[in-house]
Every structure is written in structure tokens, then in C-alpha cells.
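Multiple structures follow.
The two complexes that follow have subunit A in common; it is paired with subunit B in the first and with subunit C in the second.
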Partner chain A sequence: MSASPSTVAVQGAASRPRAVAPGRRAGRAAGRTHRAFSPWLFLAPGLLITLAFNLYPFLATVWKSFTDARTLTPGTFVGLDNFTALLDDDQFWVALRNSALYVVLVVPCLVFLPLLLALLVQRHIPGIAFFRSAYYTPVVASVVVVALMWVWMLDDRGFINGVLRMVGVDPVPFLSNQWLLLLSSMALTVWKGLGYYMIIYLAALANVPRELHEAAEVDGAGPIRRFVSITMPSVRSTMVLVGALSSVSAFKVFTEVFMIAGPTGGPGGADTTLVMLIQRAGTGLQGRTGYASAMSIVLFLLTLVLMLLVLRADRKDKD
Partner chain B sequence: MAAAAQAPAPAPDVRPHRTRTRTRTRAPRWRTALRYAALVTVLLIMIGPFLWQLSTSFKGTTEDIYTSPPRLLPAHPTFANYGDVADTIPVWDFILNSVKVAVANVATNVIGAAMAGYALARLRFRGRKTAGLVFVLALLVPMEATMLAQFATMRSLELNNTLIAVVLPGCIGAMNVLLMRNAFGALPYEIEEAAVVDGANVWQRFTRIALPAVKGTLAVVAIFSFMGAWDDFLWPLIVLSDSDHFTLTVGLNFLHGTFSNDQRIVAAGTIIAVAPLIVMFACLQRFFFRGVGEGAVKG
Partner chain C sequence: MSIHRSVAIRTAVGLGAALSLTLLTACGGGGSGKGSATDGKIEGEIKFQTWNLRANFKDYFEGVIKDFEKANPGAKVKWVDQPADNYADKLSADATAGTLPDVVNLSPDLAYPLAKAGTLLNLDKDKVAAKFKPEYLDGAWHGFDMPGLDGSYAFPWYLNTGPLFYNKAMFKDAGLDADKAPKTFDELFADAAQLGQKGKATLAQPPTVEDFGRYGVEIMSKDGTKFTFNDAKGVEFLTKYQTMFKEGGLHKQALTLTAETAGQKFLQQEVAMNPGSAHDLETFKKSAPSLYSSLGITDVPTNTGKQNMYLQGLSVNSGSKNTATALAFAHFVTDQKNQEDFGHKVAVFPSTKGSLDKEYWTKSDGSEEGKIRVASAKMLPTAVNYTPVLFSDEMKTILRNEIAKCLQGKESSKEALDSAAAQMTKLIQQK
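And then the complex of A and B:
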């Protein structure tokens, strides 16, 4: 600080109120109102938007989940009826199963594969910037666009079946079999997410001290051994973060399945996910808002529980 | 002052350099070759579908697009499919709508999140913790769980089926506010003290000193806001009912539904949708990767 003595004195007066002379009180009070007021001006837009379009709708959803509201009628209080009705709704259980399958199969892929990719593009070798951005391309593109590309690739007469036919394999019904549809959506989710999580891992890997690797190499540890004993422990908290982010987004999956399996979720709705069910039940003039709100609450609780579980696992790791 | 923030940086910079030269002399040539082979394999997996789509979009109507083995290059390349997209759907109107939504989203997110983040990180006032908690809570509530209530809110505001309704719910994302709070929080206090001494008010300190120091994070917020708005599908699908107001993603779904029999036109439509984003990203990627790294180290 190269401030002149006089300015230092002013600053001292401002930051040490006890030393202020009585005559300055009025000025200080004015400053305090100013100080108390301006932060709220800075916060006002963000707070208003968040309260109006995030927390208020959430409270409204909680309230609606206890009513028989429809799109055009506010409905009356029906207690837990919506939730008990959910237990008897086959579609709900199908959606829950599909969402759970999504988490179980997609999340491990999105925790490990991007880490391997990050290791692959970590070293500064010629052309690496190109590879990094190219791997990020699927993240940049809209889900609708990439889903349309995949539908074309997976078509009965599309690229993948074309190659398979070339080597004498019968066409695989990627877009008509109930399970293959779900697997195709999952593959799309993984493919699109790789670059995003790769960047998170790259940032984490930059903080791993290089000496550890060098020391291990001197001690004769091979690449796999170094990966397991040095890289993985150093990025463990990032792996937990990626696990949390990807499992929450796996539970919220909509567009991939909507585009690949169709708006009704595949043959007989067998590939419906929770969000698709909410969208279908709650929109339109005949929308059952109350019932769909109950499903929304279930979705919220599931994502919340997932996050808490993952965060607790992280805390245990650190202890 | 900015140099002070980055003071620790030069030290780690030295090490990779030294190691790099060492590994180059030590790493056998075949290992480098193996690395590039792996890089190219992954490259094909990541951008192969884009290239296949691009190729399909140039194939003429007389050309069989269902051959086995698949023909990678069009036999008679043509731009006709791109013209046909505009004939079948008002693709330019959709693009204009998407641009409006995306630009508005970037502007509100950058300004709103920076202001709120600055207040949370640098100003002292009663209620700061509560205000911060509001944004953290907002992060816990998935948009998918509140979209029906948001739709009802928009209806009571009589904003349904407008682009304003598409922008409003995400126009100042809680995540962006927290990102900006972290970025501002990592700045050393000295840089503002000097300005306080010179008599700068809060607004001047914010715009002239703090904002220029967090450009990297601002860029990340801007890019993510643009991509988020451009790529969003579920919310516009719910809130827009009139095809005049469709954004590009909703319009493309329409194209897919109506003209799925001509894959060439669908392909051209998707290329029109994705090309501007890829070009934009290619131009900004240097800035972007630096900003993300910065944010991660600070956060």
C-alpha cells in the first residue's frame, strides 16, 4: 500500500468506528444507511427472479400436490390422495424403474470414462488444444440436435446397422426394442456428457502434485498402479462431485428419451422417465396438475436424497 | 494488483516445463504414437456422428442414403437440402427466436449474477447469509420439479406463448450467482481498499475494479448461458404453443416429426442448428478453457 499519510488516516477512521469523534457520528450514520441499502439493490434482480421463478413455484408445487388441481381449475385439498394413487400407477413404477436404471448404468460410466479422457488430453503435446475442443463438441450441441443425429445413426438402415450388415450381422432393432431404446438413450447421455466432465477432471488433475507421480515412477510403479494409488485418491472428491452431478441429471433425463423413444416413451410407454410422465400428465387443457405435482415432489425428494447420500459418502472418505 | 492474485502461478509453471523436456527424452516413440492413436480413436467417436450428419445433408435425392457399406462422401454433393429446410419450416424465424432468447439470457445472467455475486462476496450487510442461502436452496430444486407451477405462474402473468416466458425462469441462474460470488471472493481486498481511499462508491468499485478482475468467470457464465438458452428444449416445449414463437430446438423436433421420411432435410436442419454454436465455441475455446480452469482453482 503506497497511500499517503492523510488517506491512511481517513481509512483508519472508517474501519475503526470506536476511534471516531462524536462530531462525525451523523456522517457515519448516513454511510451506514447507504451501506445497508446498496447491497440489496445489487441483490434485488437475482433474489426476485429466484424467489418468483424458483422457490415460489416450488412451494406452489408442494401445495398443489395435496389438491386435485387441473390445468384450468385450482382444485381442492385432497390430502395424500395423489401420493397413494401414485403407488397404484403402473406407469409411475415403470418410470421409476427406468430412471433408476439410468442412474445405475450411466453414472459409473460418467465417473470413470471422462477421467480417462482427461488423462489422455492432459499432457501438453502438439495439437492437444484441438482434441480438447473436439471432445467438447457434443456438449456444445443441443440435445435435440445430437438426438436427431443418433436416431439417424441407429436407424434400421442407418450407419451402424450398415456397418454391421457389411460384416454379416443382422440389423439390430435399436429404435424399436424397448430395452435397446433405453440403452441407446443412455449411450447418448454418456457420449454427450463425456466432454463436460472431462473439463472438470482436467481442472482437478492440474492440482495433483507431479512429484507424487515421479516418486512412484522411480519406485517402479507402472501406469495402472500409479492411476490406482495416486491419481484416483487425489481426484476422489472430484469423482464424488461428478457422481452427484451425473446422478441428479440422470434422474432428470427427458430430452434424450423423448427424442429417441418418442413422446410417448417407446412401445406401450415402456421407456417413460419420471420427467416425461410429469410433462405428459401435467400439460394440456386436461392436465392433472395436482397429480403431476405429486410426481414432481417425488422427483425432488429423490434428487435430494441422492445428493445427500453422495455428499455423506464424501465426508466418510475424508475422515 | 492483479499480479498479486496470480502470484503463486509462476512457480507451478516451471515444473511442468522441466518435466516435459525430461519425459520427451525418456518416453519411447511408440508410446507417443499410441497416445495419438487413442486420441484419434476417441476423436472419431466424438465427432463421427456430426460428420455423418454433414455428409447426409449434402446427399442428393437421387442418391441412395441407405447403402451398406455406408457411403461416407456424397456422390453428387448438393446444397439443395439446405434450401428445402427453409421451405418446409420457417427455420430463419426459429433461429431469430433462439438468438433473441440466447442473447437476452446472456445479458441478464452476466449482469444479474455479477451484481448479486458481488454483493454476497464483497459487501457486508445484515441478511447476507440469508440471501446466500436463497441461492443455495434454489440450486437444490430441480427445474423439472417446478416447471408446471412455473407454467401456471406464466399463465397468471399472461406471458404464456411469449419469448419473455422462455427467458424469465433462467434469466439469473442461482449457479451463476454462486460462481460469481466465488470469483469475487477470491480477489484480494487490497485492490478495493485503494479505491475506497480514493472515494469510489460501491458501484464504481464494482464496475471499474472488481468486474475487470473476474473476466474469466464472466466468460464462462456468458458461454454457459448462451449454450443453455440455445439448447434448452423442455421449458420452451411446455411454454410455447404457437409455432410463430418456436425456438430452434422445438422447431427441429417439429421438422423431425413431420419430415422424418426425408433424412437429408432433417440432417441439413440439424447442421444449421449446430454449426453456429460450433463456430462460436471454436473461436472462444481458448478463453473458455482458461476461464473454467481459473474458476475451478479458485472455487
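And then the complex of A and C:
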């Protein structure tokens, strides 16, 4: 077995007569200890918080998903019973379908529409700050307030149906038809998210070299060609980021659907999403926390797979 | 061992201890410890929690607390009030963390899981509490009997039945007699059909578990082991609702409206009837004067002759450090004098024996509030709490969703009720 270079150095040093005083030697050792511990001491508060409020609840959820725990009882180990019960739960499949639909329909809108909006408001023309602020306002507004506004607009006697009645069109059952309810929730999510992603795109667009656009313009490229050939490739990484962020948000949607479709999740629970189902099963004094934990784990795995797919597609694109 | 090594070890041990402490704190204390004796001295501080009462009755409760503290020097009551929404979630968080208040305002369905978890004092089994039993109406005391737990777990507090409001103008427009409100479900369905023909909805909500009870359906088996509302009578009732929905008797958005939004539909005169309470009169007066001018007040239709009784109680935390004080205070708030005083301040009814025989609850002063008060008080002696204590929020959603599927025509009445009963029975059997 060969000694490592550091061991050799230490042995070598030990064989030579010591020129330094014992006090200084102790000081150097203390310095080494400090160097070893200091980063951990700086990290300790954050680590403790992360362990207590992120890692511990996560591990507790994983453990609970294998038990029949309830709100007030810790439960006993039941193996994969909760996961197999999920397969037989019709409401779970309805919720999974709705959450998947949310991702499929909302994410493309949240990837492309804010980019178009950012292109519109990136120009430096008088009064543009007003429009930027106006598009950003829904982001800072409470989702509950925003949802209530939408409910008032979409109601049978609301603003939109009022206008339709005025032009002789029958009222549209936005708040009683299961599909229109889901689409209305999606429209609300897109409307509320536009401003947030617009700001991200504005930052990305500021980094697109102006010369490229000017050169393409000289070569006769129109606005659409310039958008496809210059703007989109330049902000591709940002589009991936927005796609990943909005996918996770769409899978976790709760408030919009809860507010618009009602606490039962639309007529007969037809618009329930996964998080709504988790909330329904796992909260309250008789909540089935073990079963809800199993659903949370499934949601976590689905989100993880989705993220990995997005990142993989991005890497393939770069290669 | 060098001094630095020992410092490093001490630091590591310290950090480990701090981490363990943090995690233990995050875990919460679990259940409550064993409380003190109920026949001890009435002293020390207790925490008293009410459910959405501070906004309107701050002075009343502060007065009651002051009286109690005066009568029991050394006792101190800290009053907290929780908002109406998510009250069950707040209770579950407190119970899990071992911080349930010493005296807590509960309805029977909320008391059941807490009693089952051993966090509430069994009043029938406690020699001090059991002495107070004769002061309360039998029905009210037994309203907090918990299936399988052999005893009652709260001092009965206030009771309510609640009137049904109807819009006389809408009744007249549909050719109905505005002074003849439906008393039974058959009359209700007949009126709804006529209102539906004129394009007017009667109600804004599908039937609830209490409606099944009032129709005469047995909701649960006597031993509390399974739901039985899917019998022939239950199917008949839901089929009639299905017909009513098809004929326009229910509001188009009825399947997604909550109790609150359904109330708004009545306020906006989009539906002809809505259950409520005497509190609503003030709202109608202020927000919908035209509705108020044609407002009719009647009893909720029932085929059993018995109305639904809503019951509130005060439970004592079995793990309280000052159980004697908590018990004494819970009894004090719910004694005859304080219950009657509270009943004079708000349209609720005392659950103490003899209170309802008093003139205030037997003779109307001619006002609308007075008429409701006397009519409701008359119903109370025979009223029944049709909501089983085992009926959880999740079960409520299951029943409502299956009923919605039936009303939409996706399932027959029998299929919908069978499915709901099976799912709900499975939930109680999992416990």
C-alpha cells in the first residue's frame, strides 16, 4: 500500500526538527479546524431549516404513503395498499386526466403567448411602461380575487353572457358545463401567468443581438422570418425554462379550479385535479393522510418525469 | 484528546442535539397528556375557543368570562375565536400538535374524531360532569353521544332549526298561491314543476343528507356500521329530484354552487326558495329590498313531521392542565342563565330544560324575527339531528358528486346512491 502524498509530507515533516513553537503549532491546527468547520457553520441555519421544513416532511410523506395513517392517528404499515387502491379509484383517474389536460393545453399557451406579448412591449415607445405594468398586474393580484372576478364575468347573468344576450346569442354555460369549466380555469391560469413569463422573456430578448435583426432585415427577411430564424433560437433556453416552470405549476393547479368549479370539483367532481383530490382526502379531522400521501408521491414522480423529459429534450436540441 | 478535537466533538453534538430538537418540535407532541382531576380546585389559566363568534358577540363573551373569573378568583380564561372557514383544519392541526384549547366549541360531527382520538372528556363517565346532565334537554345531551364510544362528549350549547325563505312574487308569477308554501316534499316537487314551466328555478342546491332524513330515509344502520340511504325510499327521493332538475326546478348552476353562492342566487331572485336563518333577514333588508318586500317565511318541507336540529356544544380537552377549571367554565357558559342570555342576543335556542317554555320563545312580539323565533322553538322539542356524527367532509363531497351524476343523467338514482353508500361505508370501515 503506498502512502498518499500528504501522508508522506506529514511523515517527512515529523522527522525534521521542529522550528516552530508549540503555541504556534496549536494555532495552525486551530486554523485548520476552523477552515474545516466554518463553511458548515455558515450553512448550518439553512441546512437545519431545509432539513426541518423540506427534507423531513418529504421523508415523512414517503413513509406515510405506506401506512393507513389518518389525521389523528399515525397508522400502521400497509405496504403498497394505498398505491393499489389508487388504481381502483375512479376519481383519481379523472383527476389525473384533468391535470394532464391542464399541462397539455396550458403549457404551450404559457410558452408562446408571453413571448409574443414581450415582443410587443419591448419597444421603447411613449406609454409602453403603462402596458407592461398592466399586463403584469394580474401576477401580483391575489388568485382568489382574480378567480372571483372571472366567476362574475362567466356567470349565467355575468358580463360575458350579458353581452352575448345583447347580440341575440344564447348564454354559454361556462360555470355548469364540465368542459367549459375546465377551459375557463385554464384561461384564468394563462391570463394570470402571462405577465410573469413576459418579464422573463423581456430579459431574454434584451440579450438578443440587434445586429442580427438588422442584417436579416437588410437581407430582406420579414418579421415572421426574423422571429422564427433569430428570435426563437436566441430565447430557446428561456422557452425551455418557461416550459419547465409552467408544466410544474400546471400539474399542481388547485386554486383556479377550486374557485371556478367549486369545492366538489365541478358537476359530479368531473373537473377535480390531483391536488384537489389530495386536499380532499388528506385534510380535515378524519383526513386519510396515508392515502393522500400516496397520491402526493405519484404527483411528485409525474412532475419529476415531466421535468426530466423537458430537460432531455433541451439537451438533445443543444447537441 | 486535544482541546480542539473536544471542541469539534462538542460542536457536533450540540448541532446534533439542536437538529433533533428541531425535528422533534416539527413532529409535534402528538396527543395530549393525561389531564388533571376534574374535582380539583378551580384555578389557573385555560384557553377557550369559539367558532366565528367574536365579530358579533365580543361584549357578550367578555362579560361571561368576567363573571366566571369573578366567581372563581384564581381562574383566568383566555378567549380565542377562529374564523368560520377551515375550522376543522385548525382543530386537526391543534389536536395533532397537542395544543387543543381547554374548552372548545364543536358540532357533533367535529367532536366525533376528536373524541375517538381520546382528546375530549367523556362527560357521562366523569363524576363531576355527569351531575350536570339533568340540566339539559335529553335530545341535546344525547346529540353528543358518539357511536362506539359510550358517552357524551360536550355540554350542549345552542340549538337551531332554521326557516325556509321563499319569494312570494315568483310564486305569484308562476300562478301559485303565495300564502301557501309547500309543507311536504310532494308539495315542493309540485310547486317546482309549475315554477319550472314558467322558466323559474325553485332551489339552487341538490339535496343534502338532511333532506334525505326529512324525506324519511334511514341514513345509517342503527349500529352505525354502514350507510343505508340507498334503500327504496332514498332512490324514490332522488328520482323525484332528478325529474325536478330536468324540468328546470333546480338552478342551472346548482351542481357547482356552494351554500353561500346558492344564497346569492336567492338574493338575486334567480331561485324561489332557499333555506336560511334569522340572520339572513337583515341581509335581505339591506341588500335586496325588493326581495324583502315579497319575502315569505315557512318551515323547511318534511315528510317525517320533524325538522333538522343543528347543535353546538362545548367540549373539554381531556389533556387540559386545569381540567377542573375547564369543566367549570364549559358548564358556566352553557348553564341556563348564560344560554338564555345568548338566545336573547341572537336567533338561537337554549338547550337547557325549561328555557323554551319561557315567554320569549312562546309568544311572538309581531315582528318577523319574533315569528321565526316562536315557530322554530315549537319545532325544537321534536327536531332531530339528521346528520350522522360519522359524516365527514369527504363523505359530503362523495354524496354530492354521486347525486350530481344522477341529476345529469349519467347514472340512475339507484346506481348513484349505491355507489355513494358503498364509498362512504368503506370510509367508516377503514377506521
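Simple rule for what comes next: the second predicted complex is superposed on the first by the 274 of 319 C-alpha atoms of A that agree within 3 Å, B and C clash if a C-alpha of one lies under 4 Å from a C-alpha of the other, contacts with A are read in each partner's own complex, and residues count from 1 in each chain.
The rule we apply is simple: a contact is a pair of C-beta atoms (placed from the backbone, for glycine too) under 8 Å apart; a residue touches a chain by one contact, two chains touch by 3 or more.
Keep in mind the model is a prediction, meaning the values are calculated, not measured.
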>> Applying the document's definition of touch, where does A:Thr67 land relative to subunit B and subunit C: first, second, both, or neither?
In response: neither
> Who does A:Tyr56 touch here: subunit B (first), subunit C (second), both, or neither?
Replying inline: both
>> Once the two complexes are aligned on chain A, which partner has more residues of subunit A within touching range, subunit B or subunit C?
In response: B
> With the two structures laid over each other on chain A, which partner does A:Ser184 touch: subunit B (first), subunit C (second), both, or neither?
Replying inline: neither
>> I'd like to know which partner A:Leu175 touches here: subunit B for first, subunit C for second, both or neither.
In response: second
> Which of the two partners, first being subunit B and second being subunit C, lies in contact with A:Arg157: first, second, both, or neither?
Replying inline: both
> First (subunit B), second (subunit C), both or neither: which does A:Thr283 touch?
Replying inline: both
>> Per the contact definition in the header, classify A:Asn82: touching subunit B only (first), subunit C only (second), both, or neither.
In response: neither
> Common interface residues of subunit A with subunit B and subunit C?
Replying inline: 51-53, 56-57, 155, 157, 283, 287
> Of all residues in subunit A, which touch subunit C in the complex?
Replying inline: 26, 29-30, 33, 37, 44, 48, 51-53, 56-57, 68, 70-73, 91, 155-157, 173, 175-176, 181, 261-269, 280-281, 283-288
> subunit B touches which residues of subunit A in the complex?
Replying inline: 1, 3, 7-8, 10-11, 14, 35-36, 38-40, 42-43, 45-47, 49-58, 60-61, 64, 117, 120-121, 123-125, 129, 131-146, 148-153, 155, 157-159, 161-163, 165-166, 191, 194-195, 199-200, 202-204, 206-207, 210, 214, 248, 252, 254-255, 258-259, 275, 278-279, 282-283, 287, 289, 292-293, 296-297, 299-300, 303-304, 307
> What does subunit C use to touch subunit A in their complex?
Replying inline: 2, 4, 7-8, 11, 15, 18-19, 22-23, 26, 31, 88-89, 91-92, 95-96, 110, 113-114, 116-117, 119, 252-253, 255-258, 261, 268, 270, 392-394, 397, 400-402, 404-405, 408, 410, 427, 430-431
> Can you list the subunit B residues touching subunit A in their complex?
Replying inline: 15-16, 19-20, 32, 35, 38-39, 42-43, 45-47, 49-50, 52-53, 56, 66-70, 108, 111-113, 115-116, 118-120, 123-126, 128, 131, 134-135, 137-138, 140-142, 144-153, 168-169, 171-172, 174, 177, 190, 193-194, 196-198, 202-203, 206, 227, 230-231, 233-234, 237-238, 248-249, 252-253, 256, 263, 266-267, 269-270, 273-274, 277-278, 281-282, 285-286, 289, 292-293, 295-297
